[in-house]
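In structure tokens below, several structures.
After this come two complexes, each holding chain A, first together with chain B and then together with chain C.
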Partner chain A sequence: MKIYNKGPVFLGIVIFLALALFPFYNNFGKANKKLDIKTDTPAILEYEKVNGKKECVEPKAYMRGEHMVLINNWRDAVVRDDNRGYLSSTGKRWNMSLQNGCMQCHSNKKKFCDECHNYMAVKPFCWDCHIQPVEKEETQS
Partner chain B sequence: MKALVSLIAVLLLALIAYAGASVPAMRFLFGVVIPYAAFIIFVVGMVVRILKWASSPVPFRIPTTTGQQKSLPWIKHSTIESPSTGLGVIARMALEVLFFRSLFRNLKTQQVGDGTQVAYGEAKWLWAAGLAFHWSFLIILVRHMRFFIEQVPAAIQMIEGLDSFLQIGAPLFYMTDAVILASVTYLFIRRIGIPQVKYISLIADYFPLFLILGIAVTGVLMRYFTKTDIVSVKVLAMGLISFNPTVAETISPMFFTHLFLLSVLFVYFPMSKLVHMAGVFMSPTRNLANNSRMKRHVNPWNYPVHVHTYEEYENDFREKMKGAGLPVEKE
Partner chain C sequence: MSMDRRKFLKVAGISSILGFGASVASATHPTWQPALRPDQMDRNKEALTAKRWAMVVDMTRFKTEEDFTKTINACHTIHNVPDFRKPDGTVDKKFEIKWIWNTTYEKAFPGMEERKYQSEHIKDMPFMVLCNHCTNPACVRVCPTKATYKLATGITMQDMHRCIGCRFCMAACPYGARSFNWIDPRRAANLDPAKGGKVNKEYPTRTKGVVEKCTFCTERLAVGKMPACVEAAPKGALIFGDLDDPSSEIRQIVSNKLTIRRKPELGTGPAIYYLIGGGDHA
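Showing the complex of A and B:
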């Protein structure tokens, strides 16, 4: 098979391959990150001591996918309907609040929310207004 | 009918993936084996297709001329619409690829009056919908790179930010999602709505439309409605590109449906009209400079014609010519 106009044709193929294979060589030789999500904050440990188990406001699998929908609904309920009581699917009552709910337990925002969000490149804009939990700078050993 | 067949084909494919991925043992097939195979077919298929095209010689300049070609200095030259230099060609191709310049000229033709006259009018909807579709597809593709790069570059995060700047709902609503659904729907309705277009439409036209619609719909369902474990999807994606994939239990069948339809698209791409992605760059009516009057272009397969010059002729017959009293150049 004779190829005509070799210069531009091969340049085109090289560009195509460079784009199509980008993820492969970009990541070549790098170890894949392991997520390290920590749920061992004082509030959660305290909760575990009292209730005998760790739990979130809803089952973990649900929280993983739907937590942003959940807090969005919470916000609407609080801000629009002045309703702060949440009855979960497990039959428990929770105080609907970002700072006094989620972040009370998940006070380790950097090792929890941010661990996922940075990995997935999501930047919730909530913290433009809401105050983040105060965290001690971890001393890396 | 053709549209219906295509729709049913895509629905069946989606169903196969959804049902298949509901069986735990099949997840590896749908999450790893099929995507790898499809990607290889896509890349190799595209290269083969390009080489096949490149094996046809393009000896002469055949650009469609849509402007004044380079001529006398006092005639205004249209440097992009009828380029005479490589730079002009690059500008022309960029307009074509990025903004569908030639489709912008699309006209509609109608008989007017008693039917003996023809009138031409603007017809920009196809151009607008086509452009909206291709750009939103590209932006979605670029945004999806967040699954394949560990430290997502700022440029991609900026695109995410711009795409979601309306800040509606949680997770934030992406404008391109609405645009791609609307524009693909329009492209489909156009095909069945205009009788002439319907007449020339084939399964090969409907099927890719439904396939892409299927990919977009499953994606939208996954982001805004049924949800899945996105973090594990990224772990799978990163695993795939480092040849060490792990398929988590928590990934929902909807994701595998999304991925399977995409795999079908990858396989279908190089062997269908969709390969115009590469073809547009190789269209001789676009990518050649209109310089036939400046450069001589020789056909490479010209047959080597044996030429007998006058000089040789005279050498052969000089004596006879002299004898007959004919003038000769050399004595």
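Showing the complex of A and C:
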């Protein structure tokens, strides 16, 4: 088989492969990083002391998969329906609030929400308006 | 494919009937429903509720400059309202955001001829104005995303999450009660920690590109508190209550005294009533 213009053709193929495979080798190694989120904030430890266990507003598996939906439902229930109490499947009542609910317990936003969101490459814009908890790293830097 | 005239008309007729049916279905189907079931949410026990929240502003109780500023500041601090200033310290009108503010009698009640001979005291004094939480609000009618709407308690609410910043509501509001965020409010000296500012951590700020206004403190009513301005104003200057309740203080005042409202002739049904002195039943 005869290939015309061998040089440019192979160069082209190499450049094409380099570009097409960029996402793979760029992320190489990073995907294996273990997700390390912490639920040991003062508020959660305090809750554990009083109630004998750590728990979220819904079971952990549900929270992991569905918190974005839940949080949007909370938002609509509060802002559009004027309701502020959430009655969970675990039979408890929670204050439906991002700043005064979720973030009171998960006050380690960087090591919790951000840690996972960075890992998953999602970037919620909520913090343009909602005020983030003050964290130690922030005051040091 | 070819189609004779008769067949074409049949097909066109049937599809327009179907199309009409679809438009009726979408018009009768509610456009927004809460995603949580009723048994998944409730109101706080301590929440203050009403059929029709309204306010009486008793102008005779505002005596000094201080009486106004402390009322305004209470609201603006709690709600993280930015305070943009020019280098010389005066309010930067270009970027000003206001939920409750002062204006003049002439501007608040334009064309009230019969009030021309009002006492100088009233004519010269600053007038406290805020969103009128109208019964028939123009802003709600024009909002293309339903970001502003009526709550069952009579409050004209603003959903910051839906606001696209088109500013139709600002054009529609006859009271100038809405402000647009031209720049990031967190840059204001009173909110930016780098400039010595401080935010209320229990309430969000807003962001560049949304419209905001007074919400009658829905977040405070929900926990059994009166609106911030009512608490901070001189005693009896702002009377907040349920206009629908015949025994409420506000209803007593509105039925027994001469109160005026801003531009009622426009038919928006404002819910802020002004007492400007001059005794009972003038």
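Simple rule for what comes next: the second predicted complex is superposed on the first by the 127 of 141 C-alpha atoms of A that agree within 3 Å, B and C clash if a C-alpha of one lies under 4 Å from a C-alpha of the other, contacts with A are read in each partner's own complex, and residues count from 1 in each chain.
To be clear about the criterion, a contact is a pair of C-beta atoms (placed from the backbone, for glycine too) under 8 Å apart; a residue touches a chain by one contact, two chains touch by 3 or more.
These figures come from a predicted structure and were not determined experimentally.
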{"item": "Chain B versus chain C as contact partner of A:I13, first or second or both or neither", "value": "first"}
{"item": "Touching partner for A:L35 - first (chain B), second (chain C), both, neither", "value": "first"}
{"item": "Which of chain B and chain C A:G65 touches, first, second, both or neither", "value": "first"}
{"item": "Chain touching more of chain A, residue-wise (chain B, chain C)", "value": "B"}
{"item": "Which superposed partner A:V79 touches (first chain B, second chain C, both, neither)", "value": "second"}
{"item": "First (chain B), second (chain C), both or neither touched by A:L87", "value": "second"}
{"item": "Partner chain in contact with A:N51 - chain B first, chain C second, else both or neither", "value": "neither"}
{"item": "Contacts on chain A seen with chain B and repeated with chain C across the two complexes", "value": "69, 72"}
{"item": "Residues of chain A that touch chain C when the two form their complex", "value": "69, 72-77, 79-88, 93, 96, 99-100, 128-131"}
{"item": "Residues of chain C touching chain A in the complex", "value": "32, 34-36, 39-44, 47, 149, 151-153, 157, 159-161, 199, 201-207, 218, 222-223"}
{"item": "Complex contacts: residues of chain B adjacent to chain A", "value": "42-43, 46-47, 50-52, 54-58, 145-146, 148-150, 152, 156-157, 160-161, 167, 169-171, 227-231, 234-235, 238-239, 241-242, 244, 250, 278, 281-282, 300"}
{"item": "Residue ranges of chain A touching chain B (in the complex, touch as defined)", "value": "1-6, 9, 12-13, 16-17, 20-21, 23-24, 26-28, 30, 32-33, 35, 61, 64-66, 68-69, 71-72, 116, 119-125"}
